[in-house]
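A short write-up of the structure that comes next.
Chain naming follows the written order as A, B, C and D, and within any one chain the residues start at number 1.
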Amino acid sequence: MNALPPFLSQETLTAYRRLFHRHAETGMAEFWTTARIAEELETFGLSPVVGEQVSAPQARMGVPEDDTLLAARRRAEEEGASQQWLERMNGVTGVVADLRPDLPLHTVLRFDIDAVDVTESCEDSHRPRKEGFASLHEGVSHACGHDGHIAIGLGLAHALAPLRDGLKHNVRLLFQPGEEGCRGAQAMAAAGWIEGARHVLAAHIGMRADEDHALVCGAQGFLATTKFDVTFRGRAAHAGAEPHRGANSLLAAASAALNMHALPRHGEGDSRVTVGRLEAGSGRNTIPALARMACETRGATSAVNDYMFEHCRAILEHTAAMYEQACHIRIMGGSKSADSDESMRHIVREAARLVPWFRPELIRDSAPGFGSDDACVYMDAVQHQGGDAAYLMLGSRLAAGHHAPDFDFHESVLPPSVELLTHIILALDER
Amino acid sequence: MNALPPFLSQETLTAYRRLFHRHAETGMAEFWTTARIAEELETFGLSPVVGEQVSAPQARMGVPEDDTLLAARRRAEEEGASQQWLERMNGVTGVVADLRPDLPLHTVLRFDIDAVDVTESCEDSHRPRKEGFASLHEGVSHACGHDGHIAIGLGLAHALAPLRDGLKHNVRLLFQPGEEGCRGAQAMAAAGWIEGARHVLAAHIGMRADEDHALVCGAQGFLATTKFDVTFRGRAAHAGAEPHRGANSLLAAASAALNMHALPRHGEGDSRVTVGRLEAGSGRNTIPALARMACETRGATSAVNDYMFEHCRAILEHTAAMYEQACHIRIMGGSKSADSDESMRHIVREAARLVPWFRPELIRDSAPGFGSDDACVYMDAVQHQGGDAAYLMLGSRLAAGHHAPDFDFHESVLPPSVELLTHIILALDER
Amino acid sequence: MNALPPFLSQETLTAYRRLFHRHAETGMAEFWTTARIAEELETFGLSPVVGEQVSAPQARMGVPEDDTLLAARRRAEEEGASQQWLERMNGVTGVVADLRPDLPLHTVLRFDIDAVDVTESCEDSHRPRKEGFASLHEGVSHACGHDGHIAIGLGLAHALAPLRDGLKHNVRLLFQPGEEGCRGAQAMAAAGWIEGARHVLAAHIGMRADEDHALVCGAQGFLATTKFDVTFRGRAAHAGAEPHRGANSLLAAASAALNMHALPRHGEGDSRVTVGRLEAGSGRNTIPALARMACETRGATSAVNDYMFEHCRAILEHTAAMYEQACHIRIMGGSKSADSDESMRHIVREAARLVPWFRPELIRDSAPGFGSDDACVYMDAVQHQGGDAAYLMLGSRLAAGHHAPDFDFHESVLPPSVELLTHIILALDER
Amino acid sequence: MNALPPFLSQETLTAYRRLFHRHAETGMAEFWTTARIAEELETFGLSPVVGEQVSAPQARMGVPEDDTLLAARRRAEEEGASQQWLERMNGVTGVVADLRPDLPLHTVLRFDIDAVDVTESCEDSHRPRKEGFASLHEGVSHACGHDGHIAIGLGLAHALAPLRDGLKHNVRLLFQPGEEGCRGAQAMAAAGWIEGARHVLAAHIGMRADEDHALVCGAQGFLATTKFDVTFRGRAAHAGAEPHRGANSLLAAASAALNMHALPRHGEGDSRVTVGRLEAGSGRNTIPALARMACETRGATSAVNDYMFEHCRAILEHTAAMYEQACHIRIMGGSKSADSDESMRHIVREAARLVPWFRPELIRDSAPGFGSDDACVYMDAVQHQGGDAAYLMLGSRLAAGHHAPDFDFHESVLPPSVELLTHIILALDER
C-alpha cells in the first residue's frame, strides 16, 4: 500500500465531535446534524444525498409527531443550520454519500447520528460540562457516543476523497438517523442503499472495548428486536356508583403486561420482553378508559424474536377482547440478529496491525453484542445476498456506561479509528 | 312562625353562583373562593373565621405541592381577591361562620366549595359558555354544582343574620374545601368544629333529585372510602443486556393492581376497589424503576371499607417486597359511611311543606347515596355524640351527569333551597 | 277449621329422619332414598310419579358419570331398595306426588332429598354416631338437614292424605334431587311441574332460625347462581428443552382465575365469583397440557349473576385463545334470586299461631337468605305466572354449621313443622 | 494394550436389559433393581456396598412416603428379590462397587437405575410389548433407557473384574437411584464417594446420539436445576355467605405461578421456571384453603439457577403473606450445570477408534446437553477438585423420544458401549 494522504488531526476530529455533541438531536429529528454533515461532505468534494430518497417513506418507523418535527427544524434554523440543506431534506433526516457512484457498490459503512433522551450530567466532573461542549438541549444528549461516530465518518470521508480515483469499486457511507429504538435502518435498507453490497461495516465506540487501545474485530450475537407501542381504549364509569359499566383499560394493561412477561423461555436461545412504560387512567375514582404501553421483544435469533412478538401480539389482542378494549399495536422500530463474519474479522485484524494505537494484547477477535443495534438490518441483508459483515468495537475508556447521564469517552480513539477504517476499505477494495 | 325578612332574589343568587363558577378552583386551593365568601359574610355582619384555625394541620389530606398552592394564590390575587383575607388565610382555605358564637352549638351546615379537574365543555349549547360565565381556568370547572352550594350558603347566611337575636342556640356554617377526593372534612372535624353539635345538615343539588321541584329529605347509604396514592421504587437495568439486575416497578404495580381487584367480595355489604391511575417506567428498553398509582377503596360500612383498605395495604406491601421495591402509601382522603336520621327527615319534610316550589309528589323521604361524600364524616361524628344528621338532595334538572364536561343545573333551585334550609334551622332551634 | 286427624308422632318422624340419614346419597344418585320415599307415599294411598317424567332430560345438570350412577344404584339394591321402584326410576331420581290430580294445581311444596360430600364426624360427641344412625357411606352425609326435610315431607303427605276429599285444589309435593349445587330444580321446572301453580313453598331446618322454637316466615334475598366446570386443553412440552413448544394450561387457568376474581363489583347489588377447585398439569418437568376448574358465580339478582357469568365466560374463552387452549365450559347447576312474598309471609305467620311450639317472640317475619337454594327456581317461576312464594326457616338448635362434619339438628322441630305446613296448605286451599 | 478377556455377549447384555425393564421401579424405590445389581456384581467377584452408607441421609431428597417405600419393598420380595440384600439395604437403594478399594480413587462412573412415571405403551408395535418384556408395573416404565445403563454397567464390571490386578488406581462404579427429578446424586456425593476422584464419567443412550453407530464424546451445557414442592395453607369460608372470611389458597397459588413465570430473563444465560402441577381447593362453593404445586427452576449456570430459585422462593413467601397463607417449600431434587472437559473428550475419541461399531463420521466431539442430569453434581465436584469429567451420548435409533410411552432403543448399542468404557478406563488408568 502506498503512502496515504494525511488524515484529519486529533484537534479537528475532536472539534467535530464536540460540535455535534453540543447540537445533540434525537432520532428522526436530526436536522442540524444532517445539514452539517452534508455541508462537510460537500467540502470534501462528495455529493451527499438527503431527503426522501434516503429513507423509504412506508418503512420509516417511530417518526415523531409533525409538530415535534417542525419544532426541531425551527430550532436547527435558529442554531444556524444551512437553509439550503434543510430544504432539500424536506423533513427527512440522514445522509448518504457514495465515493464512486460510477462503479458497482462494494462496501457500505454505517455511522449513526442520533442522540438519546437522557439529560446530561451537570456535575463539574463531567468533561463536556467542564470544557464547555455540553448539549445545548434539555433532556437530550450524546450519551451513546454517536457524536464520535459522526466525527469518524467525516474523517473517513476526508481520507477517502483524495483516493477516489484509485478505487476499484464504490464505497458508500450511510449517516443513519434513529439508531436508538432501531428506527432508522429498515427504511434506509428499504430505500435500496444496500442492494448489491458485498461488505458492510459498522463500528461503535466503547461497549466491550471499554479501555483505550482496545479493539473487538467483530461482535457476535446482537439480539433481534421489535419495538412497539400499544393503546387500549375501554369505557369509563364512576368507580363508586357503577363500576360494572366500565371497561377497565388499566387492568387490561396490567394483565397483558404480566402475561407477556410470563411467556415461556425459548429453548432455542435467549429471549426478552419488556413493557418499559405504562400509563393508564386519569382520575382516582373513574374506571380507566385508556392505557398506553411502550414495549419491546428481543431474541437471540430473528425467529426467537418473532416468536416473542407474535405471542405478545396474541396476548394483547385477546386481553383486549377479554376486557372489551379496542387495541392498537404500532411497530416503532426493529432489528435483526446478526454475527460478524470470520473473513471480515480477519481483515479487520490485519488492518489493525497497521495502526499501532491498537495494542495487540487488547485486540480481540470477537465479543458478545451489546443488546441490539439496527446495523444488523444491513448485516443480515448483505449476508443474505452472499456478502460479509463486521461490527467493530473501538476501544475507549468510558466515564460511565452507555446512556448514563455522565457518559463520556476518550477522544484519543478518533484518529486511529479513522485510520483503521481507511485501511479496511482499501483492503476490501482489493478483494 | 312570624314573617321572615326577605330572602335574596333569584337574580342575586344566580349572580353569586355564576361568579364562583367563573373562578372555579380545585380542592385545598380555593383562594379566590374563600376570600370572596369571607368578604360577603362580613357584609352580612358575620365574623368569618379563616386560616389555620379552620383545619387541623396534621389531619389535612391531599394538599397539593407548595408551588401549586403558591401559583393558585397568585392567580387569586391577579383576579382581584382581597389581599387582607388572603393574608389571614395563610395558605389554608375554607371558612367557618357562627351565627351566635355566644350560645351553645346546636346545628352545623356544610357547604362544599371546590371545583373538579374537568375541562368545561366549549360547545355553544353549554349554558355557562353561551351566557358568558364559563370557568376562567383551563382544566377546572364547577361540574359538581358546588358553585350553587356556595350561593345557597351565602343566601342562608343573609337570611339568618337579621334573625340572630331570636336564636336560642348557635348555628354554624362550614364552607368546606376539598370535598372532591374526600380531603377536607376530616381536618375540619379534627379542628373541633363539630364538637357538641346536636344536628348536622348537608345538601347537594341534583343527584337522585335530578328534576326541578324534587327533594330527597335524607339520603342513605353513602359509601365509606379511603383515597390513597402509592409509589413503588425499584431498580433500573438495561432490558436487553441485564434484565435480571432490575427490580421491575411496573410489573410490581401490575401484579398489585390485579390482586387488589381480586380481593374477595365482602359478605356484609358492598365494597369497591379501584386503581384509577397507574404510571410506570420511562424508556422502552429500561426495566422500570418507578411506578405511581392513585387508588381508592369503598365500603357499605366503615368496617367493610377498612377491610378493603387494610387488604390493599397488605397486597401493596407484600408485592413490593416480592419485587424488591420500596413502597410508600400516602392517604389522600377519606370518608365514613352514614345514613340520614328518621327524625331529621321528618323535620325536612315538614319544612318543605312551607316552600311551595317543592312539589309534594316529587318529595321523597329517602334515596340511596351517590358514591361517597365526606359530609358523612360530620354526620358520623354527630351521630356518635348522640345527635342527628340529614343529607338533602335538592331538585334540579341537570344538563348532564355530575363531573361531565357539560354538567349544568337549573338555577331555579337556589331560592327555594335557601328558604327550605332557613325553615329547617328555625324548626331545629325550637327543639 | 275442623279437628285434624292425628299427625305422625315424634317417634315416627325421628325414625324416618334417621333412616334416611343412614342411607345418605349424593345429588342425582338418590336411588335408595327415592325408592323408599315412593314406597312410603304409596302406603299413604298416594300415586307417586318417578323416572324420566320427573325431570326434563335436556335440562338436567350436574349428573354424575354413568358408572357412578350404576354403582349408586347397585348399592341401593344391596341395601334393600325396592327393585320395582328402581326399575320405574330408570336411572332418574326424585319423586312427585299429587294430592288431587283431578283438580287444578294450586300449591307446590319442595322437599330436597340429597346429602352432601362431607365425611361425617366420627367423634363420640356426634349424636348420629353415638346413637347409631350415622351415614353408612364414606364421604357422604346429611350434613345439611335434608333427611329432616324428607321426614317432614312424608309427615305432611300422611297428614294430608285423609283430608284429600275436602281439598278444593290440587296440592303437589316435589321430592327434589340434587339441591346441593343447584342441580335438580331447573329440570323439574322444565318438566312442567310448576305450570299453573299459584303458590309455592319451600322450607329449611336451621339457617337463620338456629334455635329451637324459632321460625322465619319468609326468607329474602337468595343469591342467583351459576355453577360451571371448565376444561382447558393445551400442548405438553419438555419444560427444560423446549418450553416454547408448549401451550400451558396451568398458567392459562391461573390467569383466568385471577382475572375472574378481578371482575368489577356490580353497582346494582352483591356479586360473587369463586374458582373453588383447580387441578392442572402432571409431571414437574412438563408444560401442563390440561387444567380443570370448578367455578360458580352469584348475584343479588339474576341480572347481576348473568353479568358475572357472561364476563367469566368471556375471560375463559379469551384466556384460552391467548394460551392456545381448547376451552370447554359445562354448566353444572344454577338458580335464580327470589324473595318471599308478603302475602305468603302473612299466611305463614297466622298458621304458626296454631302451632304453640313456635314461640311468638322467636317468630320473625323475614330474614336474609343463606347463599343460594334452587327452590328459587320454582319461586321465580310461580311469581312470574302471578303467584306467590315463601321460603320458611324452621327453628332448630344446631350442633354445628351447615355442611360441617358434625352438623346435627334437634329433631323436636319435626312434628311442629308438619303441623305448620298442614295448616298453611289448608289456609291456602281456602284462598 | 494387551488382548482383553471376552466381553459379555449381545445376548447376555440384552437379557440383562430386558430383565430390568420388566422390573421397572421409580426413583428411591429401586429395591428389586438394587438387590439384583448387587447379586450380579458379587458373582463377578466384587464386594458391592448397599444401604445407608450409599447415600448421606440428611442429603437425600424426594424420598417417597414410608408406606410407598414399604409397598415397593414388599413387591420386590414378591418378585423374588434377594432377602439378604434387601435387609442390608435397610430401605435405601443404590449400589457402589470398587474395583481396587486398596488403591487411591482415580475414576468414577455413574449408572442411573430408576424408571419413570410413564405408563408403557400397550401397542403391538411397541417391542417390549411384542417381545414380552414390558414393565410389570402399571404406570412405571424404563422410558429413559436406564435399563440399558444398568446392563452396560454390569457389562463393564464383568469386563474389568478380571483385569483388576493390573489396575494402577481404584475405579468406582456408582449405580445411582433417583436420577429422574435429580434426587439421587447429591446424597451419594455427600456420602463421600467422589472425594479424591480425578475423573468422572457418565453416559446416556440416545439423546443427541439418536442413531445407531453414533457417539457424542462429551456433552456441554446441562442446565442446573432445583426441584421443589410448595404447599399453601389458608382458611376456608362459604363462598356465597362470607367469602371475606377466607384466605384463598387457590388464588395465592395462581398469582405466585404467574409471577414466577414472569421473572426476568437472565442476561447471563438460559433460565427456566415451570410450575408443572397445581392442585387447589375442594368444593366449588368453598374458598380454597389448600394448594400444592410441583415446581422447578433451571439455569445455564448454577448461578443463574440460584437466581431463579431464590426469586421463586421470595415470590412464594411474599405471595403467601399477601394471601394470609402458611407456606411450606420442600426441596425435592437438584443438580448443577457442567460441561465435559476437552481432555476427556479427547480420550473418549481415541478410545472410540478401538471400537469399530462407532462410525467415525457419526462421532461428534460435543453436543448440547439435554435438559438436566444430576451426573453434573459429580462432574462439578470432580472439576472443583481439579479433575476432569465427560458425559457421553451413546448412539441408538430411538422408537420415540425420551419419556414417551413408546420409547425404546436399539440394543445393538450395548456391547460397543461396554467395550468403549473399558478402553476409556484403561486409558485413564495410564494417565
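To be clear about the criterion, contacts are C-beta pairs under 8 Å (C-beta built on N, C-alpha and C of every residue); 3 or more make two chains touch, one makes a residue touch a chain.
A quick note: this is a predicted structure, and the numbers were derived from the prediction, not measured.
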- Task: Check B-C against C-D and say which one is joined by more contacting C-beta pairs.
- Result: C-D
- Task: Going by C-alpha centroids, which chain is farthest from subunit C? Tell me that one.
- Result: A
- Distance from the CA centroid of subunit B to that of subunit C, rounded to the nearest Å? 48
- Query: If you average the Cα atoms of subunit B and of subunit D to get two centres, how far apart are those centres in Å?
  - Reply: 69
- Item | Between subunit D and subunit C, distance of the C-alpha-averaged centres to the nearest whole Å | 52
- Task: Enumerate the residues of subunit A that touch no fewer than two other chains.
- Result: 241, 243, 251, 255, 258-259, 261-262, 264-265, 272, 287
- Could you please specify the touching residues of subunit D with respect to subunit C in the complex? 117, 181, 223, 225, 227, 238-241, 243, 250-251, 253-255, 257-258, 261, 272, 274-288, 294-296, 298, 332, 370-372, 403
- Would you mind writing out the residues of subunit A in touch with subunit C in their complex? 241-246, 248, 251, 255, 258-259, 262, 264-268, 287, 307, 314-315, 318-319, 321-322
- Message: Could you list, by residue number, the parts of subunit A that touch subunit D in their complex?
- Response: 258-259, 261-262, 264-265, 270-273
